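Shared chain: subunit A. Partners: subunit B in the first complex, subunit C in the second.
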Partner chain A sequence: MRIELENICYTYMPGTPFEVKALKNINLTIEQGEYLAIIGQTGSGKSTLVQHLNGLLKPTSGRILVDGKDISNEKADLREIRRRVGLLFQFPEHQLFAETVYADVAFGPKNMGLPESEISERVEKALRLVGLVPEEVAERSPFTLSGGQMRRVAMAGVLAMQPEILILDEPAAGLDPQGKKELFAQIDRLHQEEGLTVVLVSHSMEDVASRAKRLLVLANGSVQMYGTPAEVFKDAAQLEKLGLGLPQMTLLMHRLKAAGKDVPTDIFTVTAARDAILQMLGGQKR
Partner chain B sequence: MQEENRPYDVDFLYMLRTGKKFARLREFVVLGVSPVEIIRAEGVGFKYHETDEESWALSEIDLSIAEGEFVVILGPNGSGKSTLAKHFNALLLPTCGKMWVGGMLTSQEENHWQIRQMAGMVFQNPDNQIVATTVEEDVAFGPENLGLPSEEIRQRVEEALEIVGMTAYRHHAPHLLSGGQKQRVAIAGVLAMRPKCLILDEPTAMLDPRGRTEVMETVARLNKKEGITVILITHFMEEAVAADRVIIMEKGRIVMTGSPQETFLRVEELRALGLDAPPVVELANQLRSAGVEIPPSVLTVDDLVEQLCG
Partner chain C sequence: MLKSITIGQFIPGDSLLHRLDARAKFIALLLVIIAVFVVRSFWGYLLLAVFISALLYTAKLPLHYFLRGLRPVYYIMLFTLIIHLFFTKGGAVLLSLGAVTIEANGVYLGIFMVLRIIFLIVSTSLLTLTTSPIALTDALEDLMKPLGKIGVPAHEIAMMMTIALRFIPTLMEEAEKIMKAQMARGADFETGNVFRRAKSLVPLLVPLFVSSFRRADDLAVAMEARCYRGGQGRTRMRQLKITMLDIFAVGISAALIPLMLLLT
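Now for the complex of A and B:
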């Protein structure tokens, strides 16, 4: 599935003194199977943007095409689109509501009118996909789980709809390093093995640099930068200006380069940095 | 009772024996002044409910924090960090063991008023901490509750806003500020109480990079310039490198304590706890393994650039 945004503008509370132009002329195509990260300061419009991708918000102007069909069209089946485009909200654990983990994850499939056997199959699969053991958690109240576990339950609820696109709005905020690592490993696996298209909203440069294939940088509701991580992180000054900065390893390479060392700057991971520095030191000796 | 309220001295022996580089403490030693202990825990255990089957949220916590120290507490989700932090200002009281703040036992209710003035808390979500419609009123809320004269309140608010760099926003509505600005206002609200100790529970978890930098710079300045004791809980390892001391918790216990440089060299143990060294330290460790000479004092990008180019 392919989503195209054409000249999207969105204004909150238009015509009131509280009017906010949250999105301004956004053009973006999300291709089947890609891994896109949306980055930007708080308030730059990231959450507003992703809520357009599954028709939760209707653009004030502009068009959204899903597989070529305009979804702002009256006849568009928004239910179907929301099933195919799974959105995990920011702090999704605040939105759990059911008595048991099972009931919470089953809520979506149930509303699709699936038979009971298929529902339970999907719930089980979804819980496993997020690294929870169904036998252990299914009958528990979601509110007795830890924060990290609650977030996984929320993600299972989205996956149980078997979406084609998975949109995650700052999924790692507040998780400990281990929880974060596991969550991203699961997302990467869903992307690679299940072929899900992933749209990741984040303000952590470290998290997106080594995984996303493309980055979209928002500021004040407009697209400021767009490209591969290597292209975007080349412009350190611009990122700094937007309040974002570089991943630590990239920053280090930029600084070494500025100090006259011959090193590449498209480096995002510790391993890549190590190799580049070892090469630099080797070169010096010779 | 009098006996129990006696302030303790910091455990110099521990420090001298292990030769820890606690910048502050060394300063104390060199200057020959005796550090004053602000927080002390002896055998503290805590359960949220008095039922038998429930496990301990804290067990056997022994801890001593000196005035002016910058302590970072790390640990996985659910390891007891927030529970411990709430003991530092008597929001929670030990189920067993003893806790002193500024020499006062937290188990004695008559101390609570003073303890909470002495040790102020800032929480993760800035939106839950806003109580008023302008920044100024928000910061004045605490001192007003102390029943201080209005001139004194005005002065404290002014000073607190100045310290966190938010004076220009005094008449703004707090809910329209950025996350980093909201947290600075929350910190100013605590400062207006003239605390000796500032406890921050994941204050940067919800902030973007600029917001995080703003908050961390403010906190570092408070510690260095104003001499306020800082206890910072975080999941960002980079934030721990500025500390005098790192404390790591797991399953309600303190499992590691030491200077940042010493702590982050213990890569395997950290990994077993589900934690990482900050990226730069991890890189330094890997370079060291590959035979490059890098002293353990390298903790930041600046340190490493200097080391490689100096």
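Now for the complex of A and C:
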């Protein structure tokens, strides 16, 4: 599926002294199968933007087209859109409510009106996808789990609806480095193996640079930069100004280049940086 | 959706009314309410209307905030008007349809009663719209202090109110966020009969309670970590200060009551 945003504006509490123009003239197309990261400082409008993608918020002006159909249309089936566009909120563990993990994950499929046998199949699959063992956790109360496990259960709750697009709003917030690594690995796997379109919201370049195919940089509710990571990182000064900066390894490569070394600059991970530097050193010797 | 529920929402500003001491405003409001209850004549109503309109002008707030405050009582006003129209007798008969008559006194009383309701709501909104909840509870605590002598825990009551008021917007925000999260999973809070709807609230209420308890716990720890031990010997960051303006405001409001009694 394909989601197009055309000149989206959104204002919180319009006509009051508390009015906030959270989004200004956003244009964006999310294609089937892509991996998009939305980056910006806290308060830049990331969460507001993603809530438009499944019709939870209606734009103050502008249009949202899902597969070419306008979803602000009265007749649009929002529930169907919400099934196809899975949205995992920030701190999703705060939305758990059922007595058992099973019942919580089954909430979405139940709302879809699926038969019991299909529900249990989906719950099991979703739990496995997020790295939990169904036999161990299914009958436990979600409130007895650790924070990281609760977050995975919440993620399973969204995956059990088998969405085509998975949107994650700061999924790594508050996780320890290990948990973070595992979570991102799982998301990458969902993208590669299950073919999910992924939209990852983050305020950290470090987390998204190496995995997303495209970056959308938001500041003050408008799009500042948009393109592949390599394209976006070309303008390091602009990123710095937006309070984001480059990933450390990219920064290193930029500095080396500035110092006259012959290195590529589209490098985001330590491994890639090591290879590039080794090649540079080797190249000089010979 | 939940944002439309506003409980005495404060609108920051810099008008004369905003700058008055909250205690003065509170006492003035009580006096105006008494005046609204003792008003007896056309001239009294006119004077009150002029007085409250003047205050509305001074508050420098858009009128629709006040109209919004009236919305919940539209039906009460309508009901009052109708009851008086049909059941209050006396004076000239204005209209008669068989056994049902509408008489002059009914019209007067009906209109006056509705005016009273409007005066009450608007003057109360004048206080809540121009006074921050914190200033309001500070004022209440200060005004209730004398009651401490007869065992009323003034500080504790005020602290409970402060905390409750402080967390109302937080809870609303949280409720909205959880609601959206569940809607993203296909929950439906809007259709179905009473039982279905009550049941559909479980996925909203359980997380809301869980987070409220967690918040309460955090708050208690944070307060104890700062050695909170109740009102004894506690000083204030915002000192309340009475100015000439405050005395003037209370004076004018107090003068309304004898005026209402005199204007017959």
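We take it that the second predicted complex is superposed on the first by the 285 of 286 C-alpha atoms of A that agree within 3 Å, B and C clash if a C-alpha of one lies under 4 Å from a C-alpha of the other, contacts with A are read in each partner's own complex, and residues count from 1 in each chain.
Convention: a contact is a pair of C-beta atoms (placed from the backbone, for glycine too) under 8 Å apart; a residue touches a chain by one contact, two chains touch by 3 or more.
Please read these numbers as outputs of a predicted model, since none were measured by experiment.
*Asks:* If we overlay the two complexes on their shared chain A, which of subunit B and subunit C does A:175 touch? Say first, second, both or neither.
*Replies:* first
*Asks:* Touching A:256 in the superposition: subunit B (first), subunit C (second), both, neither?
*Replies:* first
*Asks:* In the superposed arrangement, does A:42 touch subunit B (first), subunit C (second), both or neither?
*Replies:* In the superposition, A:42 contacts subunit B only.
*Asks:* By the touch definition at the top of the document, which applies to A:243: first (subunit B), second (subunit C), both, or neither?
*Replies:* first
*Asks:* Have a look and say if subunit B or subunit C is in touch with more residues of subunit A.
*Replies:* B
*Asks:* For A:117, select first, second, both or neither according to whether it touches subunit B, subunit C, the two together, or no partner.
*Replies:* The answer is neither, since A:117 touches no partner chain.
*Asks:* Taking the superposition as given, does A:17 touch the first partner, subunit B, the second, subunit C, both, or neither?
*Replies:* second
*Asks:* Under the contact definition given at the top, report the residues of subunit A touching subunit B in one complex and subunit C in the other.
*Replies:* none
*Asks:* Along subunit C, where are the residues that touch subunit A in the complex?
*Replies:* 3, 11-13, 174, 177-178, 180-188, 202-204, 206-207, 210-211
*Asks:* Okay, in this complex, where on subunit A does subunit B touch?
*Replies:* 40-43, 146-148, 173-180, 203-206, 243-245, 247-249, 251-252, 255-256, 259-261, 270-271, 273-274, 277-278, 280-281
*Asks:* Give the list of subunit A residues in touch with subunit C in this complex.
*Replies:* Touch residues, subunit A against subunit C: 13, 16-17, 51, 54, 56, 79, 82-83, 86-87, 89, 92, 94-98, 107-108, 111-112, 143, 157-158, 161.
*Asks:* Taking the touch rule as given, give the residues of subunit B at its contact with subunit A in the complex, in rising order.
*Replies:* 75-78, 124, 178-179, 202, 205-211, 235, 237-238, 274-276, 278-280, 282-283, 286-287, 290, 292, 301, 304-305, 308-309
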